[in-house]
Amino acid sequence: MLTLENVSRNFGGLQALTDVNMTVPDGKIVGLIGPNGAGKTTLINNISGLDHPTAGAIRFDSADIHTAPPHRINRLGVARTYQNIRLFGEMTTLQNLLIGQHGQGSASLLDAIIFRPKYRAEERRLRQTAHDLLARFSLTSVAELPAANLPYGDQRRLEIARAIATKPRLLLLDEPTAGMNPIETQELGEQILRLRDEDNLSILVIEHDMSLIHQVCDEVYVLNFGQILAHGTPDEIKRDPVVIEAYLGKED
Amino acid sequence: MKQLKTELFMDTFLQQTFNAISLGAIYSLFALGYALVFSVLGVLNLAHSALFMWGAFIGLIATDHWGLPLWVAFPLAMLGAGLLSVALEIVAFRPLRRRNAARISQLISSIGAAILLVNIAQLIFLEIYSRTEGYFPRDLISNEPIIIESLSLRISPVRVVIVVAALVLMVALQYMVTNTRVGQQMRAVAFNQRIAGLLGINVSTIFILTFFLAGALGGAAGMFYGLVFGTVDPFIGQDIALIGLTAIVLGGMGNIQGALVGGFLVAAIQTLSTAVGGSSYRNAIVFVLLFLILLVRPQGLLGQAESTRA
Amino acid sequence: MDPIIDALLSVLRPIGITEIVLQFMLVNAILGVSIYLTLYTGMFSLANAGFMAIGAYAGVLITTQLDLPLFAGLIGGMVLAGIIALPIGYPVLRLKDIYLAIATIGFGEVVRIMILNFDSLVASTLSNIEGERVRFELLGGARGIRSIPKLTETWHLMLFLLVIMFLLIRLHRSRFGRAMAAIRQDESAAANMGIDVVYIKNAVFILSAMLAGAAGAFNGHLTRIVTPDAFGFDKAVDILAFAVLGGMGTWVGPIVGGLVLTALPEVLRFLKEYRGVFNGLVLLVVIVYLPGGLINPTGWRKTWRWLTRRISGDPPETPAPSAPSNTDGGD
């Protein structure tokens, strides 16, 4: 589904990514691990369109996306969450989920002004979907709270719910378990597996937490200094001496 | 015939070049103030042009009203403008910083302060002069132009004094920033406030010092401006504001050397356009230049690209 | 409409607000809305004074030179402002906050200078072509255009403002309006949600320009004179002050800000002399001490609490420890 071919990103002298080759097959969960500063977030930014590679190609379902603007990439079916939560804090939980569905609607400003039936029907549909998502992610009780006031766990779930609202086929999760305890991490892992099954998603997960990687990932890539060091199943990676050396044995 | 034309061109060219240099000195000094505050604090102080005007104003009052000699009036003007600048930091910038307000809020607050400063000056002007214009006494610096026959140059002593004084100030600033402990601290704070604070640097004091220096430089530039052009009114800051902005955007905001380069470049462009097209488009060309730079290369000549795009 | 206006005026006249003042208040309310639109989308644009100038001159020329009714001038002014906003917005809106502010200030100045020099520029070009001195007078240079018929009436302005208010309410309940708010809060995240940020920013910029142009057209037929100096940096700051004073949290804020800032110097006579000082003070004090502006319940509550604590002498509250936040770099 997603292919990265010899992707490189050079920031005027600082080589952030070098010749990265990666594939996320349909319906699989792929993990991306690596020490801090390895280039993981840069990689996700390049996939989601916030940044563009200086060399190489990124393809989503055989369409080139490495030069496309982020909103077009999203409409093609790629959604993401952020390492530091980037919710629309001033808006309520519900409104965040409505915004997430921006790409699912097509009513124009004019339609809204003249109360066209198309606009009314669409708003109803968007709200219904938002409520469904609230229920599914256990956020109904905080629906009307500003997102910035939510407890941390709820915020993390809202981030994912909002990404799901964009009806993606590929989900990019940037360190989704940051700040969570082992129980919460386990629950999130189960949620990720459910997402794959219920929504037919392919998922790319950036993580430091090896227990989550083992729990959900079919395959893992290891990134360091902008280059792919290794690729294999979580068990293979765990035993790979090159990987161990890169991490100096660091494992949660 | 040809030889005469070349001579005419040469003497105009040299004359204009010298004029451009003295104008550039004023612009650069002024732009330095913007750049200092922007590099150390990360904010654009739009009240800087009001400090420029107040420097000229204080100098005017000192020489015209109190009859003080130039070598007293000038430091007084710098001191006054510097202190006003510190007041700005305390009243208009610090409370917003404490609140972690957006940069735009600080911009708005500086605009409000600028309006306040200009209008207060206007009121005082009316009180003292019953009109909104003042003239520097003509005998402060000898009015006899120095004439260099062989190069057909007429150099007014005022401009010489300005160029020399500006150079002295810039060299002094450069020395301070690179060779003194305080200058080192300023650079540390400019690089990263948090880390500087953790290293034991009193960031608040550095901010106050930065504002003082910026104000003093801006006030000096204002006084030079008043001396060269003879008249002072509360609105001289408004013209220079956009010129100064163009200078730092051209050079790269927050970049000290950029401010210098930008200041001289803008002066050169202005002088050139006046020589070619007459003086009515002098300011227009600067604004168009500003607009163009922002569209084509917003980081300026010496700045970095990443920080300017949304 | 008339009886309503008369009733309104009978209440306002005693405190010093005559009909002409009311009309200026309404024009400034429209300007407040124009800057609200761009601010609501997170764009700190000070270009509205420039678009107001375009709308004013276009509108006035249409009514005086082409002898058409005010409505034509209004539409003409709005359309021209909108057309010019498109090529300006596209490159400029990519810039980040202060750079956008500087660029839009520069734009305003360029407009002012072009209007100032338009006539002489055309005249000298024509002179060069014809080979003899040609006089050209359309925009009037520094003198501007004078003796404009007073076509604007109170009910025009009230109707226009009411329509705008209705549109604003609809905007906030639309997909487009939600996208605007999202862009303001986090442009990159909004883009990743499928929002075409470039399109929306430009659309809003054009709408804002059109509103400013409308205000200009109305204003020209009120003041009966248009000069380039009326639309310079000072005007841009005035418009900003409407939004700052009124509060940028809701669409009501800038409208109230425009109304109040226009009315205040009339109501408090002594302010007229110190008008400049007052404007500067308003900007400074509001942004520092009442950042949400006037229409801002949270802010007032906070200020009230701060005041009552000061008065009753209670010790200052210690700020609650902030929730742990995730900083860059993960674990």
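As written, the chain order gives the labels A, B and C, with residue 1 at the start of each chain.
Throughout what follows, contacts are C-beta pairs under 8 Å (C-beta built on N, C-alpha and C of every residue); 3 or more make two chains touch, one makes a residue touch a chain.
All values derive from a computational prediction rather than experimental measurement.
The most central chain, judged by C-alpha centres against the centre of all protein C-alpha atoms, is C. Using the mean of the Cα atoms as each chain's centre, the chain most removed from subunit A is B.
Separating the CA-averaged centres of subunit B and subunit C is a span of 30 Å.
Between subunit A and subunit C, the centres computed from C-alpha atoms are 40 Å apart.
Between the CA-based centres of subunit A and subunit B the separation comes to 49 Å, rounded to the whole angstrom.
Among the residues of subunit A, none is found touching two or more other chains. For subunit B, residues touching at least two other chains: there are none. Among the residues of subunit C, none is found touching two or more other chains. Those residues of subunit C lying in contact with subunit A across their complex are 167, 170-171, 173-179, 181-182, 185-186, 188-198, 323-331.
Listing the residues of subunit A that touch subunit C in their complex gives 36-37, 48-50, 69-71, 74-75, 79-80, 82-91, 95, 98-100, 102-105, 107-109, 111-113, 119, 122-123, 152, 162, 166, 175, 178-179, 208-209, 252.
Against subunit B, the residues of subunit C that register as touching in their complex are 44, 91-103, 105-107, 109-110, 113-114, 117, 120, 187, 233, 237, 240, 244, 274, 276-277, 279-285, 287-289, 291. The touching residues of subunit B, counted against subunit C in their complex, run 44, 91-92, 95-96, 99, 101-105, 107-109, 111-120, 122-123, 238, 242, 245, 249, 280-281, 283-284, 287-288, 290-291, 294-295, 298, 307-310.
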